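Shared between the two complexes below is subunit A, which has subunit B as its partner in the first and subunit C in the second.
This part shows the complex of A and B:
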């Protein structure tokens, strides 16, 4: 090995020893590893308990008897066998026309109305919540400092803080509150979902605006455009695809949550899931759960179609 | 340093390229010999970057033949294609470095083309000392050896460009391509960099193809000039024979843009 090679090796070692290191990265790495270990070791979670005999028996009975649709169970008992499929079909059809269809569409309407309300307010709120826009000189490369900045900053932080407030309270709790205020019906669910999701979407949209490339926006400001003009005419087109991505993602969540909120007594799919469980009709319960999953699938397909159509539009 | 190997030989015959329904290259016939240094000039949109893409096998010619050292690039499978790409260093116009990792890491990326996924991961977590020493050696030739462990985004534009060049050299390439290296930095640094690339290519026996707009710099450092216009080779001769008017003609505004045939979308 040549002398220069050894020198170079030493030089690499020296440079490595002097490399800039981030304390934050190191600290958080150690901290989270420790936290994970602590959670496993100290908690009340007992892995063995999960497999206890009684639980297993419960699960077995559920899977072998309770879940079987009513006509199937009957035909197994009477050994008749004939026309089982037809019976099964008429059982499904009856449940669908009796309660399913109504609850299915109600769930879809609740979530659609809620997400539209949330989406519109979130786009509007994203402007005052975007810290890069809320400056004396928006999107400046090096933000100005001084007393003049304070009103803008306070305003932005206040909006952000209220957005946290909206989403800090779960939709379930919002719905609980509104049920007490307005009585049963679809509106408590719609408002609860709209408010919670406005908090989430408002924050995501505001972050999107903050992360936009400032170049074109600075250019518009430098030719005398107002904040509102910049927001409506440049920021919206720039951020629209991102806004829609979040919008449809939350739409999907809304559909799921609308089902869950039924358990509070709002007549969505969740209401009948709860009802079937109370009457110990697990076969019906499973049918409604499957309907709920189907609804999420529908929401997913809808959002895929909408986004594909937008991508094609030029 | 003595040249350890011969550079790449490129041969294009009737090569053409259609991108997104737009024809960007047409009927390109070229032969670039091992160790040659070529300046590639032409107005924006003439197809310089696309031609470099063909040479680097990152774009497949829509028609015609592109050969690297006698191998037709069109016939290669995924694995062979990766191997071919690994032998051609490419300095991108915007450097295309990963900004938030250390310089050493970006240089070490140069060898990903010959390695599997796990080996690549290893070079990130616990790089081999030999690799680091080699990276340091390359950075020293580029004059930024002391930046080995800096975060890449803390460097200046000129330094970043050198890191990009270092990554290409770490590939141990047979050819070095650079896309408008002059456009990205100020004139003094640009001249310096082209001189550096030319010197490195000569020392290592690499074939060098650099796209640029500056006739002065082209004259000074490259024995051969290839001019593109409207996706065709409009000029290909040794630098001494190129006249000012011919060069100006390449850049003349006018029908060249209009003649770029739009092909029907599929």
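This part shows the complex of A and C:
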């Protein structure tokens, strides 16, 4: 082995020893690997029962009979084929005109209104949640210290804390609570989705504002602009692309969730999924599940198109 | 002047379009803002419910409670199960998300790796690579497009109530989401390190695993952690369908009108999520630094 080869080897060993390491990262990795392994052996998860004979028989019945669309099942029993495709199509068409179309559009409108409400409130909330704006001297290069800073700081942290509260509670739980307060209708779902997403978008928007380049904002401020003017004339135009990117990213999730909230009794797609399940019409249930999946795919494409347009506009 | 420029800009138009869509939705749903004032019964519930916010229960509220153990013990058990189900599901989702994410990324099917020497060979290999990748992406989209609660309902119908079906219901859409994001992060990672390895003569598999993967790893880990937090929330909600997580007990308490118990569960969930958020933001700082 040549000397240079050994040198290089020593260099590699030295580089490896000096690579950045963090106790936090290591501990987290070990902890979560251990947690995932422990979860499987904790005895809380019935993997054995899941594969038992009884379960398998259940699944077989479900797949071979229950989810077969009604006209198919009938024709299999009577003669076996013959005009089944037509029957199948009319079955789908009837369910679509009867309930599907209405629920499909309701789901889409609920999620649209909810995400717009969330987006608007998140833009408004991003101002008091931005720590760089909430100072006696906003966007100053060296933040001032002193007793005067405390009210501003407390205010910003309080807004951020309540945003955590909004997003920590899942939409489904919000909707469940609101349903008892407002009674059935679209409002509980809209409010639940809007509140949860306002918590998420508010935080993302506030982080965006904090990460903005301070130069133009300082300049405007030194010309005597008020905080509100700085926000409306400089922050909003500078951050709007980012705000909209986050908005469309959440829109997709919002549609997914709106489908599900129907299971609580709001007439979106989930309502008919739950209804078909209660009546044990599993063929209808699967059809509505597929319809919901289609809606999510449509929203996915819409949001990707919008985000692509935004990236080009920047 | 500024307003006029704003309106003629693309993003200004998109913003206005969004607001118009919101107005249209409001009109199509036939909503009445007056319905937001709770009806008489609702107002009564609201008063009692929000009145209990500052006095979360520390012991069982219901007179009919016969179960052994303390209330706080039950809250702890609910939290424990919520985390356990989320962890088990994330374990599965990460394994399958990584596998699917590799196959769905463009860098896995790199030209250098699936090139071939002759034109015919190159074309056929490219065609195979593209179709496998497209099929994987479609499969991932299908996994993602059905919500975890709907998977849970489907599994309930097919298997009956079983905790394993709860874990699977969570793991399937999460594997899809992780796979999609992993593949995007792998493709967006810088080309410098893989290129350098390739110039040194490393095999293409090594270029991917030792050049590209480590570059994308910090982002992937941070995102995984964020999804873990989402999984904890979803796992709590799955309780509403009869699985023994937090949502099950929350629903029970709400239906028994034990609002102070409901608030304890809400605060517990809040605390759990805050702990995860603080932890993950600390991790992100480490990764970036």
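Methods note: the second predicted complex is superposed on the first by the 255 of 314 C-alpha atoms of A that agree within 3 Å, B and C clash if a C-alpha of one lies under 4 Å from a C-alpha of the other, contacts with A are read in each partner's own complex, and residues count from 1 in each chain.
One rule holds for everything that comes next: a contact is a pair of C-beta atoms (placed from the backbone, for glycine too) under 8 Å apart; a residue touches a chain by one contact, two chains touch by 3 or more.
What you see is a predicted model, and the numbers here were worked out from it, not measured in a lab.
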item: Which superposed partner A:304 touches (first subunit B, second subunit C, both, neither); value: neither
item: Partner chain(s) touched by A:97 [first = subunit B, second = subunit C, both, neither]; value: neither
item: Touched partner set for A:18, first subunit B, second subunit C, both or neither; value: first
item: Contacts of A:110 with subunit B and subunit C, given as first, second, both or neither; value: second
item: Subunit B versus subunit C as contact partner of A:39, first or second or both or neither; value: second
item: First (subunit B), second (subunit C), both or neither touched by A:136; value: neither
item: First (subunit B), second (subunit C), both or neither touched by A:282; value: second
item: Subunit A: partner with more touched residues, subunit B or subunit C; value: C
item: Of all residues in subunit A, those that touch subunit C in their complex; value: 22, 24-25, 28-29, 32, 35-40, 42, 44-47, 49-50, 55, 58-59, 62-63, 66, 105-106, 108-110, 112-113, 116-117, 119-120, 164-165, 167-170, 172-173, 176-177, 180-183, 185-187, 190, 233, 237, 240-241, 244, 247, 256-257, 259-260, 263, 270, 273-274, 277, 282, 285-286, 289, 292-294, 296-297, 300, 306, 309-310, 312-314
item: Contact footprint of subunit B on subunit A as seen in their complex; value: 5, 8-9, 11-12, 15-16, 18-20
item: Touching residues on subunit B, where the partner in the complex is subunit A; value: 102, 129, 132-133, 136-137, 145-146, 148-151
item: Touching residues (chain side subunit C, partner subunit A) in the complex; value: 2, 6, 9-12, 14-15, 18-19, 21-22, 24-26, 28-29, 31, 35-36, 38-39, 42, 45-46, 49, 81, 83-85, 87-88, 90-91, 94, 141-142, 144-147, 149-150, 153-154, 156-160, 162-165, 167, 221, 225, 228, 233-234, 236-237, 240, 247, 250-251, 254, 266, 269-270, 273-274, 277, 279, 282-283, 286-287
